[in-house]
Each structure stands twice: as structure tokens, then as C-alpha cells.
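Some structures to go through are shown next.
One chain, chain A, links the two complexes that follow: it is found with chain B in the first and with chain C in the second.
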Partner chain A sequence: MAADKAEMDVLKKECDGLRTQIEAARKGVNDGNMSSAAGSATDVGRVQLKLRKSLKGHLAKIYSMHWASDSRSMVSASQDGKLLVWDTHTGNKLVAVPLKSAWVMSVAFAPSGNLVASGGLDNMCTVYNIKAASPKTLRELDAHTGYLSCCRFLSDTEIMTASGDTTCCLWDLETGKQKIIFTNHIGDCMSLALSPDENTFISGACDSLAKLWDLREGTCKQTFSGHTSDINAIQFFPNGNAFVTGSDDCSCKMYDLRSDQEVITYQDASLNAGVTSLTLSNSGRLIFAGYDDFNCHIWDSLKGEKVGVLSGHDNRVSCTGVPADGMGVCTGSWDSFLKLWN
Partner chain B sequence: MPVINMDDLTDKDKALMAVNQLKTEIKLERWLTSKCCEEIKAYIQAGEEEDILFKGIAEDKNPFKEKGGCVIF
Partner chain C sequence: MSTTNNIAQARKLVEQLRIEAGIERIKVSKAAADLMSYCEQHARADPLLVGVPTSDNPFKDKKPCIIL
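After this line comes the complex of A and B, so read on.
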């Protein structure tokens, strides 16, 4: 027993030493953060977006939404036990997918538009073909030992999942089996995002860390700290060299990959609600972050200032998304509504 | 591919995993933050004009606009 403890102490000391060296290396390249670079950029001014549509149809809390690549269709998931596919230009519902388990936490649209996937407290990711005459279950991906918090398609044959069992996983949809398991977080994984070139992905977890992974090698390349509570949301900055996180510590942060550190924090003393979701406008200038305070607050990503708010939901904003063409922003809420703004 | 169940790992396994991960991460060549931030700013400024949410959109071009209204015969 004493030998075990001695071994653990040695390892812990080694960890501490390595961490100190990494922090020193980061400090060594920190010659200015985003605020200093942003000084000369024009002010955004007040961003006032209008509510264009309220999509009514779900009967319980909405937990997740995802735009299709056509920037017109969108899928939403509610704990009323349904996935709804919407035509956002008309407001019509196109497809309703009944779920075996109502406890859904995440939904995703495949780039092809043929498939959607969802999962949650059933620990599974179920993939549906929505182009069939009636929605058909294609695969049930069952291997995680914790809830499914997030899923994202790479194509009709591969999907990524993040789970409360602390791992992320790449699945082969043709076999229904796991291809690669990404293990390194020590807390529930809450969110993942694919890089624009799909060679890497980032994950945010309840260990308050964000990690960058090599999608094909299965290795963790970089780890980013700074948040003091669960990271619930994570999105790449459009050029793939930075990413933004949202946390229960009520702040959002932008991290840069090549300098391996945080470059700006988005927080406000008056905002005491956790961040549940986030999305960026196409240029990356605006960050739309959904909070527990029923609002989606808009941040100027360069100057770190709050520049607007999307108010109208009667409960927590649980999900947000901007389509590929950048035409608008969608918010989904526990109040059972989805709202479209621009 | 073997399933690694975090619950099956001993504290020592986890500590070893942490040490090995840090040994990998320490090797990274890091860029100056000023250069990285300038690049981010440049990317944003190049895309701002086409960013609808930043610039706004004309009513008649807005795909999400509520249809309907009065038709006068």
C-alpha cells in the first residue's frame, strides 16, 4: 500500500512539473491578447435582430437543434419524445420522428440531408433515414456507458459521439461498430465540434477542460484550461484555428490553437447564468450564446463586449445554431419553441 | 478496438495516462498570441461585409420573413 502511494506521489509530482513547464511555455508566447489586437477594429454598435418566426410544435422542453447543409431544413429534439424536421422558410413541419426513448439530449443532421441522429439518457445514438416513406431506424449505436450528450455526422457512413462516460467515439455506420474511442477527459463530455477540414475535433467536458483530438489517429493533441466549471458548448471559429467555449461558470472563452491558450473571455458581472449553447455568425465577429437566464446574448468576439440580446423565450435557451449561409440564427428553448432571428 | 471503460482504470492507470498526455503536449511549438489574434481579426474583417447577421438584410431578400399581409384588389 505504501509503495502504491509512493508511486502515485511520484506520478503526481511529474504531472505538476510538466504542467508548470507547459504554463511557462504558454506565458512565453503570450505577447498580447485579443483586446490588444482588436483595438483598431470598428465597433459593432448595438446588434438588434428581429424575431422572424416562432416555430410551434413540440410539447415539452427542446434540448437540441441542428441545421441541414441546405440552410433551409432544420431538425429539433424535444423530451416530448419527437424529432421534428422543419422547413424554416415556410415554418412547416416536414418530418416527425417518434423516439423510443424520450430522454433525448442531442440531435444532428447528416451533410447529405438523408439521415438524422439523436440520443440521450438511453446511452445510445440512433440514426434514422428520413428520406424513406416514413422515418426508418438505420442503426442503433450502443456501446457508451453514459448518456449521449452530442453527436455529429462526418458523412452518411461515419458519426462522432460525445458521452457522459467521459469518452468521444467515431462510429462506422455501415457496421454499426466503434472505429475509434477518444479517452482522456476525466469528466462527462458535454459537447463536440468538427474542424472545417474534418481532420480534428474539439470536445468540452465537465472537467472544465477543452481538448483537441486527431480524428484519425485517436490521440489528444492539446488540452485547454481556464474555465472553472463544466463546459457545455463548444464551436470552432470559422477558419479552424480557434474555438469558442461556453460554461456553467457563466463565461465564454476563445482559445487559439496555435498559441495553445485562451485569448479572450466573454463575461459580464450582471450575467450570473450558465451558458448552455453557442454559435457564431459566418465572419466570426458575433457570438450567440444561450444562457440559463432565458436569453441568448450576443457578443462581439473581437472586443469582448456584449452587443445585443435575443429575448423572447420563457425558459432556458438550450440550443442555438446559425446555418451555413449565415442568414439567421435559431434559438431553441425549454419553453418548447424554436425562434428564428435576423 | 477494445472498449476502455474509465471505471475499470485504476488510479495509477489514470495518473499514467495524465503524465503521458502531458509529455505529448509539452512538445508543441507555440505561436505568438499577438500574431494569432491578428490573423483572427483579419479573417473576421475579410468576411464582415457578407455576414448577414452583422450587416443586416433587405426585407425583400429575407428568406425567414413572415409571408402574408393584405392584398388589395
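After this line comes the complex of A and C, so read on.
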């Protein structure tokens, strides 16, 4: 017992030492911040986007939405127990997928457009073929021991999931089995995002940390702190060198991977609502963040200033997304509507 | 034995921190400059920044003209 305690003390000391080393290394490169550097950037002015369409169809809270790679189709998930695939140009519903479990928290479109996936409190990720005559369940990925908070396809044969069981997982859709389990978070994983080159991914969790992972090795490469509450949303900056997080602490933050730290915080004294979701415009200059205050606020990612707001929902904005062609932004809400703005 | 678990966990944590401590870091000023440069280079191709012309707007409801 004494030997165990002695070893614990040695290990604890080593941990503390390494943490101090990391902080010192970060401080050592911290020679300025984003907003001061952005003094010379062109002003974006007031960003005033118009509501172009309100998509009606769901009968309960919308929890998640995801654009298809064609920038035209989009899938949404609601706790009315349905996934709806929309043609956003016409506003028409293309496909309705009835869910076995209504408690859905996340939905994703495969890059091919052939498959969609969803999951939630059933702890599973179910993959559907929506190109069949009627939506067909392709796979039920059942191994997480906590809710499914986020899923993202790599292709028609691989999908990533994030779970309330604190792990993320890479699945093989041909076998339906887990390929790699990513463990390191000590709180529910709430969100994940794939890097543009798909070699890495980032995750945000209720332990208030964001982590960068090697997708193929299964290892955690970097850990980012700063938030003081659950991270609910995470997205890469388009060049893959930085990412933005949104948290219950009412702020968003941008972290740079190469300097291994936070470079700017997006917060406002008047904004006392948690951030539920976020997405970036194609140049990375604008951040659209959905809040519990029923609005989607628009931030200048470089200067850290609020430059606009998308108002119109009658309840929490739960999801946002910009399609690949960058032509607009979609917001989804607990008010059961999806809105398209540009 | 919970102490063995704790030690195993502590060892894992040390290993993880060693990985994270060992990476190369660039200066924040360089990181910021690169982010700014990316935004500036891609600004003109960002429809949400420059605006979408009405005729090309895929989401706009196409209503027929009414002649009064």
C-alpha cells in the first residue's frame, strides 16, 4: 500500500510538472492575440441577412440538421420521431424517415448523398439508405453506453460518432463494428468535426475541453482548455489550422492548432445564453452561433465583434449549417422550424 | 483493486501529457496572420460576405411579376 502511494505521488508530481511545462510553452509563443492582429483587416460592416424560406414540417423540437454535399439537399431531425430530407431550393420535402426512437439528437448526410445517419438517447447510430424506394435501415451501430450526441460520415463505409459515454468512435459500415474507440475526455462528448483532409478530428465535451485526435492512430494529440462549461458545438476553420467552439459558458472561442491555444474569445456582456451550435461562412470570416436566447448571432471571427443577428425563431436555436457552396445559412430550432438566410 | 486502477489511470495521464507537451508550437502572431490572410484571400468568394445577387439566389422564392 505504501509503495502504491509512493508511486501515485511520483506520478502526480510528473503530471503537475508536465502541465506546467505545457502552460509555459504556450505562454512562450503567446506574443499577441487575434483581435489586435486583426486591426488591419478589412471591416465587414453590419451583416444583414434576409430570411428567404421557413421550412415547416416537423411537429416538435428540431435538434439537428446537416447539409448534403450538393448544397441543395438538407436533412433535419426532430423529436417528433422523423428525419426529413428537404430540397432547400423549392422548400419541398423529398424523404421522410420514421425513427424507431424519437429521442434523436444528431443527424448527418453522407458525402455521396445516398445515406443519412441519426441517433440520440437510444445510444445507437442508425444508418439509412434514402435512395431506396422507401428509406431502408442499413445498419444499427450499437456499442456506445451513452447517448449519441453527434455523427459524421467519412464515406459510405465509415462514420464517426460522439457519445455521452465520453468516447468518440470510428465505425466500419460494412461490418457494423467499431474500428477505433477514442478515449480521453472525462465528460460527455457533445460534438465532433472532421478536418478538411480527414486525417484528424476535433471533439468538444462536457469536461469543457476540446481535443484533437489522429483519426487513424486513435490517439489524442492536443487538448485545449479555456471554457468554463460544457462545449456544445465545434467546427474547423476552413484551412484546418484552427477551430471554433461554442459553450454553455455563453462564449465561443477560436483555438489555433499550431500555437496550441486559444487565440480569441467571442463574448458579450449582454449575451447571457448558452451557445448550442455554430457554423462558419466559407472564408471563415463569419461565425454563425445559435444561442438559447432564440437568436443566431453573427461574429466577425478575426475582430471578435458581433456584426449581426438572425432573429425569427420562437425558441432556442439548436442547429446551424452553411452548405459547401457557402450560399446561405440554415438555422433549426426548438420552435420546429428551419429557416434559410442569405 | 481501486488503487491499481488509479495508478493505471495516472500512468495513462502522464503518457498523454508527455505527448501533448512534446509538440512544436508556432507564435500566436504568426497563427493570427495566417488566419487573417486566409480570410482576406477567400473573402471575394464568400457569398455571405459579398452578398448573393437576387437573380442567382437559390433560396429566394421565385414569385411571378404582377403587373399593376
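Here is the rule we use: the second predicted complex is superposed on the first by the 332 of 342 C-alpha atoms of A that agree within 3 Å, B and C clash if a C-alpha of one lies under 4 Å from a C-alpha of the other, contacts with A are read in each partner's own complex, and residues count from 1 in each chain.
The rule is short, and it goes like this: contacts are C-beta pairs under 8 Å (C-beta built on N, C-alpha and C of every residue); 3 or more make two chains touch, one makes a residue touch a chain.
Quick caveat: nothing in here was measured; it's all calculated off a predicted structure.
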Give one of first, second, both or neither to describe whether A:Thr145 is in contact with chain B, with chain C, with both, or with none. first
Just chain B (first), just chain C (second), both, or neither: which does A:Met1 touch? second
When the two structures are overlaid on chain A, which partner does A:Ser195 contact: first (chain B), second (chain C), both, or neither? neither
Just chain B (first), just chain C (second), both, or neither: which does A:Thr265 touch? neither
Counting contacts the way the document defines them, which residues of chain A are shared by the two interfaces, the one with chain B and the one with chain C? 4, 7-8, 11-12, 14-15, 18-19, 21-22, 25-26, 28-34, 37-38, 41, 44, 47, 49, 52-53, 72, 88-89, 184, 219-223, 237-239, 241-242, 254, 256, 258-261, 263, 281-286, 301-302, 322, 325-329, 340, 342
List the residues on chain A that touch chain B in their complex, please. 4, 7-8, 11-12, 14-15, 18-19, 21-22, 25-26, 28-34, 36-38, 41, 44, 47, 49, 52-53, 72, 88-90, 143, 145, 165-167, 178-181, 183-184, 186, 219-223, 237-239, 241-242, 254, 256, 258-261, 263, 281-286, 301-302, 322, 325-329, 340, 342
Which of the residues in chain B end up touching chain A in this complex? 1, 3-7, 11-12, 14-19, 21-26, 28, 30-41, 43-48, 50-54, 57, 62-67
What residues on chain A touch chain C, complex-wise? 1, 4, 7-8, 11-12, 14-15, 18-19, 21-22, 25-26, 28-34, 37-38, 40-42, 44, 47, 49, 52-53, 72, 88-89, 91, 184, 219-223, 237-239, 241-242, 254, 256, 258-261, 263, 281-286, 301-302, 322, 325-329, 340, 342
Within their complex, state which residues of chain C touch chain A. 3-4, 6-7, 10-11, 13-14, 16-21, 23-36, 38-43, 45-49, 52, 57-61
